[in-house]
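A quick write-up on the structure given underneath.
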């Protein structure tokens, strides 16, 4: 009943789609995380307009389905004269969607840093920006990496929705192959397995990384000071 | 304008319904060491944090060496903010909870503010840091991470970090209150040296022995006001007001005279 | 082309009908998912079977590791191959139920863990067991603790219903597509749709606070 030949014949083309999925997600987080940082800081800003705009953006993108955001990007961008290919539109939409979630993660991370840290930075004469950059944000980093990774996994899954605007990522490719072969089971199982494998790989790496960090912090110094004469142990 | 080194004029501050500062004024001369004591909630921390405008008072002004640190009536423009940051760098603050930066090692904690705020070059900043860390007896810990330091070491690091900015005034908010008793001494040694070097200091503390030995002036605060003021030995041995008498009794002071 | 809001207003009546379908699908799917997840949770705790736990782990891992859209396609396109010809509506509900149940199971697991073990022991000593134990004592506490994540999961279900438009279920998203393929004004119609989705999800997520206050558990310690 199971046509094994399908797996071999069509694996290459599915992998091409898979590769595009990966590229799109990488670009989306490269754009999305900085934007999320900007939104998180904006939300905390003392300027009411910036705070309102940031909060609005975040709430609008978190409280609507991704599919409608994708469609809006697809139809609205040409409206403003931006004729981009579906792939680029997809990246922008995924980045915008991701940034709203990234922003909340980063904001929670910033709030988690003890108040005294900001106070000591200000007391020593740092501007708010210097305090953020030198004292708060570095501490946010270790807090924020696990949930950011989690959100990346979500973005990988949401990217499947880009198939609806004909981006030739994994899901779209799967639909096309299915249309050709009329073997939905084999095709979608392959598609699902590829997503699942990517998901598990990243999740496992993250877990190992977290365990490693905890271990190192307990054991001894992690040298990364530029003045240290000892060779530093680096976390890969 | 004023000829006093540090001047606090008419400070008021309320939090919700609690008056933390009620028309507090204070003049401090250069080189003076002033201790502030009082029951919790009396406003002593609020007073200290008003000096460097960390907790801006609702009303009043603070002047340091003739420069306006802050005034309740002015909204901070960018130029004024810059001036405030410069003045803050001249006032070293030490917190009860140390607030050392855990993501930087000991040396970096002392170097970074010099680079970022004082804009010194790396070599100068590092050599100064090493010198000061030596003075607070942390020279053998420069590569350590703050996580691995004892409370006393962390506080000495915090003091070193503040001293690296060449402050003219030190503000210490219960510097030894969070320390285990056996670690208090090492911090007091460092503070002693600062006093002997002529640093102007405002210290909020419960260490009355230390206060009576090294203080030029002692302030007793309660309910947001300075109730008694004078030489530590005199105030502690001959309290005038009932409130101070009650406070001292609560601390059971029979053995403070070392 | 200028944005002509009259197209948005014209579309609203039909869009609202679609929104109503969306809500029905979401509520039905979520309810079934909670029932399924509750059954699984009780079974997991009561059975203590290694096989059960392995299958469960596999199921949860699959659901959490793959896109909902792919799961929807799997149910819609693959089941007919095995002879099960569900219509789009049923297939959609099934896919959403199976998807959501995995997440709700994990939510309930967390909620269950926060129920003090003393509750089980006290009940046992009073002779309460089985159905009554769960229905009257354990599950209520589990659910009340889980209100925030459950409300959040319902929002996710609401948003997922939009994907059913891809298997021809006529919910809000599909209606919106039907309208603008006829009047060629996608931006206006989609904007209206966007606002409706936003209002639905926003109201639901804010209701979490309200629900929590209604169900405050006064804990005797």
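We call the chains A, B and C, going by the order they appear; numbering starts again at 1 in every chain.
Keep this in mind: contacts are C-beta pairs under 8 Å (C-beta built on N, C-alpha and C of every residue); 3 or more make two chains touch, one makes a residue touch a chain.
All figures in this text were calculated on a predicted structure; none of them were measured in a lab.
Enquirer: Say we pretend chain A isn't there, which chains still hang together?
Expert: Groups left after taking chain A out of consideration (others unmoved): B | C.
Enquirer: Of all the other chains, whose mean CA position lies farthest from chain B?
Expert: C
Enquirer: Could you give the separation in Å between the centres of chain A and chain C, each centre being the mean of its C-alpha atoms?
Expert: The computed centroid separation for chain A versus chain C comes out at 24 Å.
Enquirer: Could you state the distance in Å from the CA-based centre of chain A to that of chain B?
Expert: Centre separation, chain A to chain B: 44 Å.
Enquirer: Distance-wise, how many Å sit between the C-alpha centres of chain B and chain C, to the nearest whole number?
Expert: Taking the average C-alpha coordinate of chain B and of chain C, the gap between them is 56 Å.
Enquirer: Quick one: in the complex, what on chain B touches chain A?
Expert: Within the complex, chain B touches chain A at residues 52, 54, 81, 85-89, 91-93, 95, 97, 99-105, 107-108, 112-113, 116-118, 126, 142-145, 147-148, 158, 161-162, 165.
Enquirer: Touching residues of chain C toward chain A in the complex: what are they?
Expert: The touching residues are 1, 3, 61-62, 64-71, 73-74, 77-78, 81, 155, 158-163, 165-166, 173, 176, 186-187, 190-191, 193-194, 197-198, 201-202, 205.
Enquirer: Could you list, by residue number, the parts of chain A that touch chain B in their complex?
Expert: Within the complex, chain A touches chain B at residues 114, 116-117, 119-127, 130, 134-135, 138-139, 142, 217, 220-223, 225, 227-228, 230.
Enquirer: Please give the residue numbers of chain A that touch chain C in the complex, ascending.
Expert: Per the stated touch rule, the residues are 59-60, 63-69, 71-72, 75-76, 79, 156-161, 163-164, 171, 174-175, 178, 184-185, 188-189, 191-192, 195-196, 199-200.
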